[in-house]
């Protein structure tokens, strides 16, 4: 047996997660982003520990309505005298779940369909892509109105509505990515060792299509939160008085000229979340992709 | 002085590092090269030996960052390339020095016609107007054996061999003094390779261009070069004319290369690969970089870096084993 | 006579493309004896890989039969075919794209074992992976490394280990060394040689490097534009090439020696032409230095001109 | 080429049927119908019934759908329940404003994003790169109505540079275009960046540099042209998106566009108008996407070759 | 700027309910001192006037046909373009001749004779004839906004060229009032038959439709030959600017001259702006809560009473109307004939709790309230106020069509809604008659219906007033509705603008508007 001497091992072996983490840690932007995301998640999870929902979040105090930010009310108060800081803080819970769940719905359905279309091709692809076109042609608002009105107004249906409208994009992106990976030799290799198509798709193709999907998903979280706010205008948002950010934004619209802080802070909250998610998403993409490592 | 004038390229102590966040690649270490007018130097070595980096350094085209280039002297036809500004460099590139890249498939811009791509360089360096440049571009195509009508076609309409011809046409368009060919035939089939090598030989003779032929194929070197330099881990470890290096091999690594080649004449001969792998360029051993793989290595080899030493005539090698006057390698024995 | 492990009969693989039907493999027939190695050479795009893949049914053949161990595998259902693949494996050319970049060395090697339920116990699988790694000369500490961290030679060893994990009897090697440096190439060639001798494997060895097949194969088949144009035992082919293309090919190999008498080089005109809807003539006619009228009229048949030496050329007698 | 175009146009038919079917049934599922909207306050149950009958809403949805599609076959997209005008005419009345705004927005997006994307691609990994990406992201995370009102307050009210809304003068388009354009920036900038990064690694740029082509030209001519395909794709989908209407921006700027038409008619459950508008939008989008595909051929000769080959094949057969 | 009141109703008591919270809603009755400068009836002598006037509208026009839609935004236009047989003078509170010079009934309101004005010119040059009148009423059949009127009419016939005889299905003493509504706009027979699309826009008013783009704008131009006289400007354009803030900015910028319904929160900006005037009036549009009396749990009167006593109307006005509104004391238009001040509901948590305990003896008191996006804040306040008595309110938000239909179909438990009342007493039928679309309570009281029928045929005014009082007391007692407040109405205009005839019903008449030139 030819046993080559193994000199100069290029890199210490690490576990897969360890490897991803190691790469991730080196990316400063990603670390900052994930730190913010962690804080946001923490706030979302424990909002009810810091805040009493009934009194601090939805409790009204008309005497103190429409106050500009001050030491007492950091972000000011709204038209019903509720503290906007508390509402924004508590709203993390709703907005993050709207963003995440909606994107997850879009992701699961879209990626599955996109992968099937890209992998099998032919008539199946044609059917999936045409259906995607059809779904994509129906305005998001209409879709949302119907889903929310047929199923009833609730945060879950809102998530479903926003989620379904993001399906077409995920289908298209996934399909495009799958098409490039499909012809790689390792896909053929897995066929040669007797893998079923399903396993080839889920074990080999999809993991290698992640980066455009991750980028899309993180961007999509932002638009999901913003869509939720658009739906609030139409009265299809999260039921009142839940302080979902989109609802806060739409509620503050009337007051934008005189009490701009009412839209500023929820807007900033969305912006920071979105930026953080994207920084994290970019980092994740880079570290999940071993090829990018130097 | 007379000799100086004849020198097309002079490189003294070239060092190139790629400095990255976590590690530094020492890609080229202390290389010196001299090429006379009309001469062809073969630069051989395995993947990662630093051949391309050396070539790019001559044109100052190494990506920077991460590349850091240091050099005592870098002159092309007596002009100090190291001290040039970007604009001056842009005049040298494609004018005085040209380069042919390894992969014809990816070296041409897919969205411009081949004519445009040749003419572009003529417009810049020969200061021709659009029409003249185009005519000359068509002439160049004809010179490399492609009908001039095809100047208006796009690269994807050409086969690999023809693309490589186009690249040669681009490189030779402005009659450079020095042509650097970086593995110009690696991506081609043998029959096409034979055509291209033939073409290059002819053109070189016609224009009396000096050339650096970068390759990992010793067969090509044997057929096209006057002198050879063998690179290993960023250093030249053996240098000399063809006869010297092929028939009087000095360095164990060069010997290893020859032994690894399947012999077309003797198919039963057992291949004798070099053990192991090229060292990690971010972490070169303290001593001779080849020592870990060398059958002749001594303790000294692992401690000290050998210098390139002259062995009479133009033949040089960097190997500490020769400090022992009785040392010679197997192949040396064979060939006398 | 030794038993034929593989018989390929009139194998065809056409691709439908925008420009027309691409005849990637056009009526190729040959046999391989058990334990022997058949080298397939030819220029890029002549259909070598397609032949290899069609034999394993990684591509469905358009027509023809592939008889493996006496069984026509082109007729097998896909689940039967999956079982059959335990006996037939492939090693790919590009050690970069043939490994899933997201899987570690051990995951890649273990996958066929787990998938085909060759072993079930976790420990046994682990042990088998290590054994295979040792067989192909991969250090144990690389179990958790990713392909991108490794050089081409090591990657190619992973590919070989993955193929061996199925304990196949027959392996198609699709240019396993052409992406490697000479010193590494030699290591891999030696490894394959040893495996062949120890395990009695049968190989199809695809390459464009004649000096490599010369070293490795028992028989050589030369392909041109989807067709087999010459096939002979290795020594016979090198000593008595008949087809003008084979002869040009042999003469084009640069020889790394100085001061020797170089045989006169046969330079061919032009380049290999398009395999799309090829006309019914000798596929080599456009480049052939000896072309005559007959060549443009019909496609020559493969004829056996001496024992085991097949040629497809109208003028073979002139070149013998 | 023609064959390809015709094939694409024919492919629109099933999509249109699917879209109209979906919209029609969805409209039926949504609570409320046009009758309530149309009825004057005080209407009695009989009044409502009369209006319902008048609109044909007393028929089962499938009957209405088949009737509607029957009309479609004759090029009749029906009559709006609310305005009683021809759906096609109504849509076409709104289309010019939408097209104007869409192109202006895309222009803004391109002018901002492409240079920014190139800039950050050529400085990959630097602080400037990160800042550029954050800048591009800001547009995405600002709701359109928020940015729109902000722009109106600053540029219309305080500075008086542009009108606050409407589609009267040429300058009315500036603010809404900026509002939409900045929202599109994030995706386009990132696409430009990543596409440029891919291209910047390509060997042919090294060839160009080795020819002595100045870096500026290498980037703007050699690299950018090759990076265009994904950029055009995104521009195409974005254009398709804004052509479908940007309701919030149109509302804030009182822009008489298609987006508001669709949402308003949705709110009034004006099924023929909604369905017709969406069908028209679908057709428009398909055409845009087709044009984008044809544009690929202009940008990239390799893609053009495929179309030409198709024509060649047709001649053979 | 200061406020101008145009309110007051001869039928209504002078004191209408408690004073509103906040700053702005002072003195609503009678012509205030400011009326001479703000919204003067006529331009001052020698004043240079603007020729092209633009009004920024909150809602869009969907038609220019008076029989196709009836609501505030369309009625502005109809009043300028058409004339009705009778005119209601908002200042004198009297009916006045319009196209009909005289009208009379002989049989207690079953048959009416209208004598038409002679020589009235339509925009197309035709002269008004009795046949146009007859044509107009016959055209109403099956139209969306006038079908209801048509159904009340048995026959219309031209007695001679200028006399029309109209026979009703049931006697109706309020009929002449009906004839003041824009739905009774008289059209020209020839114009409509010649061009069924554009013809209906031909009227006799001082303005005629020049161009119209659905959902964008409607442009009117002066009709010099109008019997009402030529208007004070050349053109009048309705521009649809849905966003409140943007509409006000357009006014501040000078892009428009009139801003319809500026947002209450931003009124201060108009008041502060020296170039602008704020016209305000006591609004006739009621915001109310309706309980679905046919469905659990609101079927239970106790629950309704509990809510009525739990809510704090004053603070709702302070927040939802920015204090610019007035508490409603009866579910009846304050401007409507027969108004009776029931005093409204006052907050009394003990009482509320008592009622609630009766309604939900086992606790777990809960009620859904359906609401459109525009009244969400009120719902939130009610939710919070009811929480204090232990009633959980779930807010069900719906889009505009959704809320309209679900409440019409009775799928809601309760809802928040708004409506404008007309001036005549029988208008109450809309909200109390079973089956009517705006009977959001689905209130079905035979007693009330009987009173309504009696009242509309009763010639003795005192008796009628008593019937109406009984109705209001009944509604007050059973709480199918909680009237909440009347928001003040506002119009932002360029300084010096006048000639706007303000109606509490918001059906203002802009026919004689003038805007001073810059």
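Think of it as A, B, C, D and E in the order they're written, each chain with its own count starting at 1.
Going forward, a contact is a pair of C-beta atoms (placed from the backbone, for glycine too) under 8 Å apart; a residue touches a chain by one contact, two chains touch by 3 or more.
Predicted model only: the values in this text are computed from it and were never measured.
> Using the stated contact rule, I'd like to know whether B-C or A-E comes out ahead in C-beta pair count.
Counting C-beta pairs in contact, B-C comes out ahead.
> What chain is the most remote from chain A, judged by the mean position of CA atoms in each chain?
Farthest chain from chain A, going by C-alpha centroids: B.
> So, what's the distance in Å between the C-alpha centres of chain E and chain B?
Chain centres of chain B and chain E, defined by C-alpha means, are spaced 90 Å apart.
> As a quick test, compute the distance in whole Å between the mean CA positions of chain C and chain D.
51
> Express in whole angstrom the distance between the two chain centres, defined as the mean CA positions of chain C and chain E.
Spacing between the chain centres: roughly 88 Å.
> So which bits of chain B are touching at least two other chains?
Counting only residues that touch two or more other chains, chain B contributes 277.
> Provide the list of chain D residues touching at least two other chains, using ranges where the numbers run on.
Each of 30-32, 145, 149, 153, 267 in chain D touches at least two other chains.
> Which residue numbers or ranges of chain C touch two or more of the other chains?
In chain C, residues 151, 187, 190 touch at least two other chains, as defined above.
> Could you pull out which chain E residues touch chain A in their complex?
Interface residues on the chain E side: 244-245, 263, 265-266, 268-269, 315, 318-319, 371-373, 376-377, 379-381, 383-384, 387, 394-400, 402-403.
> Mind listing the chain C positions that touch chain B in their complex?
Residue positions touching the partner: 43-44, 151-154, 181-187, 189-190, 208-212, 214-216, 234-235, 238, 248-249, 251-259, 262, 265, 267-268, 271-272.
> Enumerate the contact residues on chain D facing chain E in the complex.
Going through chain D, the ones touching chain E are 30-34, 36-48, 50-51, 54, 80, 82-85, 90, 93-94, 145, 149, 152-153, 156-157, 160, 163-167, 251-254, 256, 260-261, 264, 267-269.
> Which positions of chain D touch chain B when the two form their complex?
202-215, 222, 225-226, 299-302, 305
> Mind listing the chain C positions that touch chain A in their complex?
53, 56, 58, 82-83, 85-86, 89-90, 92-94, 97-104, 111-112, 115-116, 134-135, 137-139, 141-151, 159, 162-163, 165-166, 187, 190-191, 194
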